[in-house]
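Here's a structure for you.
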Amino acid sequence: MPLDLRSLVAPAHTALVTQELQRGVMGDLSQLPALAAGAKDQLPNMAALVHAARAAGVPVLHCTAEQRADGRGGNHNARLFQYMAKTPVRLVRGSEAAEIVPEIEVREEDIVLARLHGLSPFQGTELDFVLRNLGVRTIVGVGVSVNVAIQNLAFDAVNAGYQMVLPRDGVAGFPREYVEQVFAHTLGAVATLVTSEELLAAWR
Amino acid sequence: MPLDLRSLVAPAHTALVTQELQRGVMGDLSQLPALAAGAKDQLPNMAALVHAARAAGVPVLHCTAEQRADGRGGNHNARLFQYMAKTPVRLVRGSEAAEIVPEIEVREEDIVLARLHGLSPFQGTELDFVLRNLGVRTIVGVGVSVNVAIQNLAFDAVNAGYQMVLPRDGVAGFPREYVEQVFAHTLGAVATLVTSEELLAAWR
Amino acid sequence: MPLDLRSLVAPAHTALVTQELQRGVMGDLSQLPALAAGAKDQLPNMAALVHAARAAGVPVLHCTAEQRADGRGGNHNARLFQYMAKTPVRLVRGSEAAEIVPEIEVREEDIVLARLHGLSPFQGTELDFVLRNLGVRTIVGVGVSVNVAIQNLAFDAVNAGYQMVLPRDGVAGFPREYVEQVFAHTLGAVATLVTSEELLAAWR
Amino acid sequence: MPLDLRSLVAPAHTALVTQELQRGVMGDLSQLPALAAGAKDQLPNMAALVHAARAAGVPVLHCTAEQRADGRGGNHNARLFQYMAKTPVRLVRGSEAAEIVPEIEVREEDIVLARLHGLSPFQGTELDFVLRNLGVRTIVGVGVSVNVAIQNLAFDAVNAGYQMVLPRDGVAGFPREYVEQVFAHTLGAVATLVTSEELLAAWR
């Protein structure tokens, strides 16, 4: 464990942000099988981190992507949205696909921030504002995907002055080799990369 | 009616945004009696505009202020928040106080954007992003209060490049004379001030 | 002086933000004579605060409105912009009108944030981001106008989690009676209103 | 050329955004030799696109990263910033390192948006606001680096509702194989990937 990880993620100024840990994104109803396969392996680590965060008094915020049944308010300006719009399972608000996976579960003390638009849990959402009100300066991120939203979260967090911490085994993307490349050539430059075991130790 | 009001608020590029038309803000459970009194007189105009907007195909977005029961995520950095925190009725998510007043009602085709933080329906919310996705360029605003959030909405809208239209008899604040002063010396410089009757005519 | 003003504006976490203290806005080249007249009386207070801030180690940030000679990038979506576009003196980057007034002056240690767009020194500028990087949590604002940009600054600051402090005699607007109304019915709810003498004492 | 590229990048609603085409980032004074090597090969394509954009009436915006000599306002919250802070050449405002490379040059009609903070040309800058005022809906991006800022620009643009177009041979990163991976597994999902030759044809 980096010598100062314990202070970097001290509960008084840290939040755990889960990114799209939803049944229709990376769970049993996922329309992106390669993503779901990668996430399945990491899900126990993600769940362990969520439980440890709660036990340590670290606020847990769940960021989710949703759609209205009529689609209003959503984006259409990228291939990703067009692909998702054609799949049989859509992330309709209130549907099973939009739910957080049962391994994570949402507790009453957690904060859920759902959005209709965009790629990032940060832009046009309450995340930054709620984190400021909570006194948070370090964000630990878990979830999907390393291809897009985890990178977007890390960039946004750094732009907004936060320390960004990512457990290599608590985020998922595809293909697996690409995830390693992103750690090496992008995320390593902007975030502190650790293992979930190191984080669990820091919060024990 | 200004000659070009009809084109300024043409349904194809206009949205109606209601600002905190909630029972605990300006309705029967309001803790701000002067605001509630002013809003009561304007409520029929606001309701008429909401109904006319829906009939004309103008999207209706309801922006609301809410709190978690545990207060997490909310602001404490202004007297306004401190005052609200001490009142017996709080805007707890799911409570009667947080509901939109029955005269307005929320229809399935409306979009509700609730926030835990801040003064403005625009900052740290989906409003700007959803409006872009809807192709909106003109915002018609109704609601409360002219003292704070209606001004903040108008400023934010102008900063973000929208045309802002406000019906003088569809927004409320207190005291009544101050509202007139704000129209004359602030809002008149940034928004197009009209009457609800002019808007109803434009959407007929 | 409020008992805790000294801690509220402690140099370690405070910045002084000047808003459009420019020759062409409220100085000798102003096209808004009523604003210029009000600002003239307050200018010595503003200058005293700027000097005191520097002496106390409080960062000074100057937020200015500018235009390109070709007008590109500026707003056209409000009467205020249309009025300014018609006046003989425009705030062209590099022109005398765009300069900070000599009573304030820009020192090398100050940070200047000029913008081409909008009403607010906060939206679409570096202000919030630079303040975070400086560790600022309290903003003291001076400048113009109470009618629009000072209110917009105060709202934005509160939305973004800052404490906002305004010296009543260090901001200007018009007409004078309206400024008092805005203090009483808007700014008093979101900002801590003080006198420049109280701030000078706190920074001594 | 995709059949509809000509309409996607029609001059009436398109802007060309150059990202950190600066001597001290990817030019002769670069402290990142692998980045500079990659960029050198693409620079003729970037320059051709800038010239073609100007000829076609497409606005050109140059987004640059700068520092103050005293470092105030900059970020320290990521390894990338710490690395840059230790290099002998810093991007001090007004220095040769901060200049746009001569192959690109800044013309009077171009818009330069310099920032002191962050990774992205979009967050806490005028970019989005100026683009809206210019009526832009499609952003063509050139520059560096595909590792971080080009991805961040693409994400931000998509989040904000723009169409994002990237010429594969007009952006650079390192190592070269990684850039191809990012095209395949990240940027291809959010941006329209083309060649500079296709863009030149569309603007001819």
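Should a chain be cited, it is by its letter among A, B, C and D, assigned in written order, with residues numbered from 1 in that chain.
Please note the rule applied: a residue touches a chain if its C-beta (ideal position, glycine included) is under 8 Å from a C-beta of that chain, and two chains touch if they have at least 3 such contacts.
Everything quoted here is computed from the prediction, not taken from an experiment.
Among the remaining chains, those touching chain C and also chain D are A, B.
More inter-chain C-beta contacts link the pair A-D than the other of A-B and A-D. Separation between the centroids of chain A and chain D, computed from CA atoms only, is 27 Å. The centroid of the Cα atoms in chain B and the matching centroid in chain D are 38 Å apart.
If each chain is reduced to the centroid of its CA atoms, chain A and chain B end up 32 Å from each other.
Touching of two or more other chains is recorded for residues 75, 117-118, 123-124, 129, 133, 159-161 of chain A. Chain B contributes residues 129, 132-133, 159-161 to its touches with chain D in the complex.
Every residue of chain C that touches chain D in the complex is listed here, in rising order: 59, 68, 70, 72-76, 109, 111, 115-118, 123-130, 133-134. Partner chain D is touched in their complex by these residues of chain A: 75, 77-80, 83, 117-120, 123-124, 147-148, 151-152, 155-156, 158-164, 173-175, 178, 181-182, 184-186, 188-191.
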